[in-house]
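Chains: A, B and C, in written order; residue numbering restarts at 1 for each.
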């Protein structure tokens, strides 16, 4: 692990001859540049060049930046190696699969865009796409708002706080079979179901009572409602953790100005929670696009087959992958899902960066 | 002054009413589980719901231990959950530090790779992953489940977001003091991120504890199976023993609740703030 | 500084290393499994194989609830001392998914696999992971005639990839107490659908709180849809489903009039058919013979008290059709194409699906695929089986139609049929719309 290599003065001179004018040029450009973003960029380049000059003079093996990179990589490596081998690898393979025809056993055949063409002619896929998008649009904002409200509420100094926090987390951890069973009983399609009874007493005609998860027009509504209720405790926990990161002094400073609760929330809590909200929004969006088991449990019934009124993308993927063993086609569907999520995530990333600046 | 007091009191009352109503709604499934766990299978889904069974069947809580090797399953699950949670916490918080506080080549690309995999449903790469694991001799081993769960992108992403909330000035100051990056991570970031570490612990614990599909595909030997697979053993081709399923589910909830209750004490205001001052 | 950094790198490396070490304990057991199969799937558990013994893996589900696995294995091992059978329970609910995954690629080491249903069978055959059995059958001169034509219904391109050992068929279960209370005559082994419908209506009581349902249909499509194929004129793979209309009309009218429970409620409440029948307010329920042993056992154990007096009769039939035509579901054994010990595996398949296996199945109250008069006698002699002559006679079938016949599109068509059934029964579409939907979508699948 020698720190330096033998220096050849001529080579050093040669390097410096190139590097020094470049540094000057960069500094001059940076001076003249008015766009702050570009200026920053040029400054960074200048730093790097300066670093290289120093390296050439002292003869160190690695530049400072390289060293810094190495440290950073050492931080990432333990997780990344496992992640790359066991997740990233298979995921990349799955992407390749989208352009192949494969049943998992026989030889793969190249399909080109055949899987995608098949997909857009498949009614179940189109229904799944539509339902998933509808589900996401409805679920994400409500869950986000409910989770935030719950977290702020349960971050107050109130009696029985621990109890309320634990209870809110309950629907998320309780067995899905139990949770879905209870939900379906409350929203029983029978006239004697608790919710329908309520509606009936409110004057809804017996004939027009919704059949909830057995009703093609109401099933997605039922699923959305269920999903908000089941998952808000989960995101509440993330928000709770985020709330602990807010510096109490900020509130104190604000309190002196006579700000009311709402203003404190709006001007301090919310902006301070931005990284958390960013994280929650992305995870929530992704999870919503990947929704599968709750729909299956609520609307699948004994046969476990989802109708076009309730089918979602991941269920369609599952059905194609494991009932029909069209792995290529299933991958192609996943690709569509992936691209949608990616687009949304990138928009959010951009928004986050913009806001941060 | 008096008016304000009455107003606050009314608000308090409303707050508690809302909270209690909410708590009830949240508790219904648990009460149902509990009630079903004392019933015969034939009575579980009978409508209207009989909340307090006339003849509570304690036998269900005895039968679950003898009908399936529940103890083995619990021990397996505990082992897996502890290892996965530990590795997940360690590696994610380690990696997240680099993503949040260090500048390096390929940062955005690597991070995107992490996020991208979250967006791909497991059902799609499950088969290639299984074939790879099998070719490595990992099929039907606990190690497969550990590898599957321990290096999740979710943990890295979450920890990164929380680290970003910790002021960079703290790290800069530490660097000037001559701390290495590893020391900064260990001495500054870790103590400051207790709430988020707790969150990640809870989530990883719950996910591993409740994971079903992974063990289903990978673990075929009975002595290696987990609790969630055990629960499904009460679901047979021609009928399901819901009384037993619910009894076992109630029991399986206990560790999760213990973890949640013992960690939520870190969700108290000012942990990070006090760190900044100190 | 440098040293410290190195140290932390080493720590990181050691951590990864320790991971591998901690897994070593687990994977060491894999090393003992037969070599040459690229890592082996399931580590041999505790089947202590003696010197020179061949251990064969058999994939099954519901290990502890199925009474015939153990006796079958014991008898087989007694006859073949050099062979050992090891059961691998893949669970009932996701059996086909797990089996499909396990058989994928070349690393699997199963010798015998149980096939749960026809769509699962055809997907595995399509995947090319099953071994054709024709050669074995021809070499050993196995008489397929004993399977009463069932094996002809599961040929794929003229080849047979599975041999059935269990064949359940549908009958009508009825609660004698309900009939007695209403003063009505019990159903018979020779009912037309009109007679059946009239009987169900006669027994119905719609007083709130004391409802009695004349009939009960489980939410599976087979329970209603497949009444239509029993006259033998149509099959469920035809691509044209207009013949189903009268049967849906009958059941929907019954549902409307409270003769049977509402499908939507049953579906969302997950009420199991055994739960429904055991409440004692269901007069007749059509269900498969797999329910026989469960029902007898639960009555014996005292769990079911309100349906202790029961009987079975043959399925109702269309006008002018011989009684005894019913639906069948088979459970079969196959040998994977990659099985390490195919010859020995075949011995086991032949044993289980043959007469000796059939007797063991019958002795546990299950209907073997190989049904003779003696075997039918064994089942009706089972403890708890109804004593009346009609119930015994109900075990004699005339024509058996598979719930889902073999086609390489079985699993795709199954999805369409399930969906249409659900839409019709919930009222999300009318009968005509549902049938039109089936015609269109199955047509599209068949045209692919």
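Assume a contact is a pair of C-beta atoms (placed from the backbone, for glycine too) under 8 Å apart; a residue touches a chain by one contact, two chains touch by 3 or more.
This is a predicted model, so every value here is computed, not measured.
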item: Which of B-C and A-B has more C-beta pairs touching across its chains; value: A-B
item: Farthest-lying chain, centroid of Cα atoms versus that of chain B; value: C
item: Distance from the mean Cα position of chain C to that of chain A, given in whole angstrom; value: 41
item: Geometric centre distance via CA averages, chain C-chain B, whole Å; value: 36
item: For chain A paired with chain B, centre-to-centre distance based on mean C-alpha positions, whole Å; value: 17
item: Residues within chain A bordering two or more other chains; value: 71, 78, 81-82, 104, 181, 185, 188, 190, 322
item: Interface hub residues of chain C, defined as touching at least two other chains; value: 5, 8, 12, 15, 101, 104-105, 265, 269-270
item: Residue list for chain B, restricted to those that touch at least two other chains; value: 45, 47, 90, 94, 126-127
item: Residues of chain A defined as touching chain C within the complex; value: 1, 71, 74, 77-78, 81-82, 103-106, 123-124, 181, 184-185, 187-190, 193, 211-216, 298, 301-303, 305, 307-309, 319, 322-325
item: Residue ranges of chain B touching chain A (in the complex, touch as defined); value: 15-16, 19, 22-23, 25-30, 32-33, 36, 45, 47-49, 90-92, 94-95, 97-99, 102-105, 107, 110, 113-121, 123-129, 132-133, 147-148, 150-158, 161-162, 164-166, 181, 185, 195-196, 198-199, 202-203, 206, 210, 231, 242, 245-246, 249, 252-253, 256-257, 260-261, 264, 266-273, 276
item: Complex contact set, residues of chain A against chain B; value: 65, 68-69, 71-73, 75-76, 78-83, 85-91, 93-94, 97, 104, 150, 153, 155, 158, 160, 162-175, 177-179, 181-183, 185-186, 188, 190, 192, 229, 233-234, 237-238, 240-249, 272, 275-276, 278-279, 282-283, 286, 289-290, 292, 313-314, 317-318, 321-322, 327, 330-331, 334, 337-338, 341-342, 345
item: Footprint of chain C on chain B - complex, ascending; value: 40-47, 67-68, 83, 87, 90, 94, 126-127, 130-131, 134-143, 146, 180, 182, 216-217, 220-224, 229, 232-233, 235-240
item: Complex interface listing, chain C residues touching chain B; value: 1, 4-5, 8, 12, 15, 19, 22-23, 26-27, 30, 38-43, 45-46, 61-65, 88-94, 98, 101-102, 104-105, 107, 116, 265, 269-272, 274-275, 278-279, 290-291, 294, 303-304
